[in-house]
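Per-chain residue numbering starts at 1, and chain names A, B and C are given in the order in which the chains are listed.
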Amino acid sequence: MAMTLAALAERLGLPLAGSDREFTGLNTLEAASETEVSFLANPRYTHLLAGTRACAVILAREFAAQAPSATLVSANPYLDFARAAALFVRKQGEQTGLSPLACVHPTARLGEDCAVYPYVFIGPRARIGNRCTLFPGVYVGDDCVIGDDCVLYPHAVLMAGVEMGDRCILHSGSVLGTEGFGFTRAAGAVQKIPQIGAVVLGDGVDVGANTCIDRATLGATRVGRDTKIDNLVQLGHNVEVGEQCFLISQVGVAGSTRVGDRVTMAGQVGVAGHLRIGDDVTIGPQAGVPKDIPDGVSGSGTPFMERRTFMRNLVLQPKLADMHRRLQQLEKELSRLRESLGAGKDTP
Amino acid sequence: MAMTLAALAERLGLPLAGSDREFTGLNTLEAASETEVSFLANPRYTHLLAGTRACAVILAREFAAQAPSATLVSANPYLDFARAAALFVRKQGEQTGLSPLACVHPTARLGEDCAVYPYVFIGPRARIGNRCTLFPGVYVGDDCVIGDDCVLYPHAVLMAGVEMGDRCILHSGSVLGTEGFGFTRAAGAVQKIPQIGAVVLGDGVDVGANTCIDRATLGATRVGRDTKIDNLVQLGHNVEVGEQCFLISQVGVAGSTRVGDRVTMAGQVGVAGHLRIGDDVTIGPQAGVPKDIPDGVSGSGTPFMERRTFMRNLVLQPKLADMHRRLQQLEKELSRLRESLGAGKDTP
Amino acid sequence: MAMTLAALAERLGLPLAGSDREFTGLNTLEAASETEVSFLANPRYTHLLAGTRACAVILAREFAAQAPSATLVSANPYLDFARAAALFVRKQGEQTGLSPLACVHPTARLGEDCAVYPYVFIGPRARIGNRCTLFPGVYVGDDCVIGDDCVLYPHAVLMAGVEMGDRCILHSGSVLGTEGFGFTRAAGAVQKIPQIGAVVLGDGVDVGANTCIDRATLGATRVGRDTKIDNLVQLGHNVEVGEQCFLISQVGVAGSTRVGDRVTMAGQVGVAGHLRIGDDVTIGPQAGVPKDIPDGVSGSGTPFMERRTFMRNLVLQPKLADMHRRLQQLEKELSRLRESLGAGKDTP
């Protein structure tokens, strides 16, 4: 795809300074060729501006003079880059309508203008909205409900009874509604606790590749509107996640924990079950959360601590042996001091 | 589905007190409607009893008087709830027999009353028992052996030569028998160590969604009878897990480690290779296990410690900076004390 | 499969001492039967030699006299075992040519002697080299480029525009080119940062089961030649991994981090974004890496420390409570000492 800088400037509503030309895409300041547009959002990369070969750069007014190229001055270069990039998003696939190699149960209902690829299986009584795309290998179980404008990438799986809103994206291999892990050992045998609840996703939820969201024991496992979940994440049975949360890759949240709105969990965070994580909480990478977290707290560590405490303790982790040595030294010195002052002197 | 309270009482063998009526399902004390049955297993939720709208509650005799509804008095309310829930388990799918859109190799053998969905692939010489269900996208490789009454959910994969007993459940996207990770760097190149062993599951094993169990280098990777494995777990080559173990989500066990019977590993636990974990061991979330653990030990942490040691140390993690400050303070005070007593006094 | 010891000796170029016979496979010293060959690579298992039933053992000259069986003396028993094992690798499947149940877009190009199983989907303009095998459920998106001699196991997914070299292996359920996680919260809404870059794998790369490699925001996420990635690993957008690296199971590398050559990351390691990990770095299990690591460093821990520091600190983790107790004791003793010497004496 190619377009002119002038056309881009018009689309973004930004002033173009410098000569117009055709360009073919976007790239970083370092990697851009003469036919690509770049951007400067993080001031720490300003030094790369002078050397860029990009034919134009989206950037803040204060840096415009330093650009060797045409410029598109923006009040928010990162968001305007995102808007430009949206013009270059690669549409995946060409399927339209229902492939004859898909299986749709006679009792299932499919909305208008859906694209259903080969090897898709849609079970009894499932209802799918308008303008949805179901890539090869997608499985939609009995009684599932899918809103409008959803995209289900290859091999996404919805077990029976999963419900989701509009504009949801399920990435490849994601599994929604698998049985929650409910077992007890009793009387020498393993007893299974049936998992008869559901999974309910709000509008605009993204679920990453190979991420798993378990069905509830009773009631529903819930993910709120516009929450974005990365790859390889695990949400246990009856977890409830609020709106606009970001759960980064390999996070695990154990059963029945409730997570507020606008919560961010960095990679590999683990949260124990039956907790309450407040709104606007940020949890750093690999943190282990054994207790409730009130609204608005940022932190990290195992156990989870507020950010200031965490940072002060983190730098001391590598000094534990040193602290131990100093402790031994103090014990020795104090002992010698007491001896030199005469035995028994320090007893009351 | 609807049934009467009287019918439920009869099925569970519990006395019904209060008026009979039809109900449609089970739910928590808080969420239950007038047409749902609930239960009280954990005394800490007793305060919810007064406000429940459930038409009946399964509970212990001592709490029966507090229920505003009909009651089903039980010696073990949790297990009786589980038995009630089993009556409401949603059967997934309607497939019977062999779909004409499935591929079964002519040399493969399929037992009686199996349900094989479209897009299932069964390879040469595979043998599948009676009453098995294979959902869309299941792949059964050459020479695999599957027992009776197994359920393989969408896209479960058995690479060549995997064997499993009766009543196993493989959840969506689980992968059994992929090559173990066997590589060395030698003479400037990467040398692959072929993985020619097998994977063998006992009866009643559950494998979670997107969980991976690697094929052995030689011999077999083994999972014992009635062991339950959650989602996104990794078992390396030649791992041997005993019977009735619970491996919670995102656990990783490295190659050749032997795990005893009735072991529980909480979420995100990592166990190093070539270890021996005893029977009846419980390992807390995110623990890192670098050494053998004897029978019967409960603990957590990195490195793994017995529970009592772990708990005492955990609360001190956030106090490391405080300890460091106090250590510095002591050093200063001791130094001043020695000075005030005259230099050299504390040397022998 | 059966072959004679003499034939094996010839294939490996090793001298056979002892009587020739037919054997059927390889196994460990402990588990081998009379019709199997074994090997001794690790001197710590030498004591198992006397009791083995193996009909022949591959081993170093110094141990040959202790073998009760025929011997194949080798300068590198582990590598010669690997070469022997390669003769016994189970070929998976029998597919040849293009299954009529596969979907190949008319504009896609397929090389010679490829095996394409049922339920494979190959999208527009994709180009696949010679002698590739695509197992059931493989999805190859638009414009993907796959080299020669690649194997894509069941349900491996390449989203649009992914490129890979020759001799790559994608294990079951691996997902390449899913959208990177690019979101910000702005003005009360979640803004998506489009991910319009690619994924590029060099020659000889292995990608483990259910592993995810995200597409770049701009440019490409890259994995270098002969790098081997285990199961359930996550590589974020714009990560660049060098050559001959080993990334063990459940590792996560956050966006834009550059990893050098011959780097080993053990299981469950987490690496933050925008870092530079040098060549020949080794990172121990569960380590959390918040900062750059220079070339050649081995270490572990959270935060990552050099190996010597890590080992010294690790053993003290369980002693934190003990250190705290000793610290309190010192404070008390020092206080009493000061008191016994008269108040105020230690103030300047």
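One rule holds for everything that comes next: contacts are C-beta pairs under 8 Å (C-beta built on N, C-alpha and C of every residue); 3 or more make two chains touch, one makes a residue touch a chain.
Everything quoted here is computed from the prediction, not taken from an experiment.
Q: Among the remaining chains, which ones contact both chain A and chain C?
A: The shared contacts of chain A and chain C, listed by label, come to B.
Q: Would you mind reporting the rotation angle for the C-alpha fit of chain B onto chain C, rounded to the nearest 5 degrees?
A: Rounded to the nearest 5 degrees, it is 120.
Q: Same or different: at the chain A/chain B interface, is the fraction of residue numbers used by both copies above or below half?
A: On the two sides of the chain B and chain A interface, the residue numbers are mostly different, under half being shared.
Q: List the centre-to-centre spacing of chain A and chain B in whole Å, with centres computed as mean CA coordinates.
A: 24
Q: Chain B: which residues touch two or more other chains?
A: 119, 137, 155, 173, 210, 232, 250, 268, 286, 317, 319-320, 323, 327, 330, 334, 337, 341
Q: Which residues, counting only chain A, touch chain B once they are in their complex?
A: Contact set of chain A toward chain B: 103, 105, 119, 121, 123-124, 137, 139, 141-143, 155, 157, 159-161, 173, 175, 178-179, 181-186, 189-194, 196, 210, 212, 214, 217-219, 232, 234, 236, 250, 252, 254, 268, 270, 272, 286, 288, 301-303, 305, 309-310, 312-313, 316-317, 319-320, 323, 326-327, 330, 333-334, 336-337, 340-341.
Q: Taking the complex as given, what residues does chain A use to touch chain C?
A: Those residues of chain A that touch chain C are 25-28, 31, 78-79, 81-82, 85-86, 88-90, 92-94, 101, 117-119, 135-137, 153-155, 171-173, 204, 208-210, 226, 228, 230-232, 244, 246, 248-250, 262, 267-268, 285-286, 314, 317-321, 323-324, 327, 330-331, 334, 337-338, 341, 345-348.
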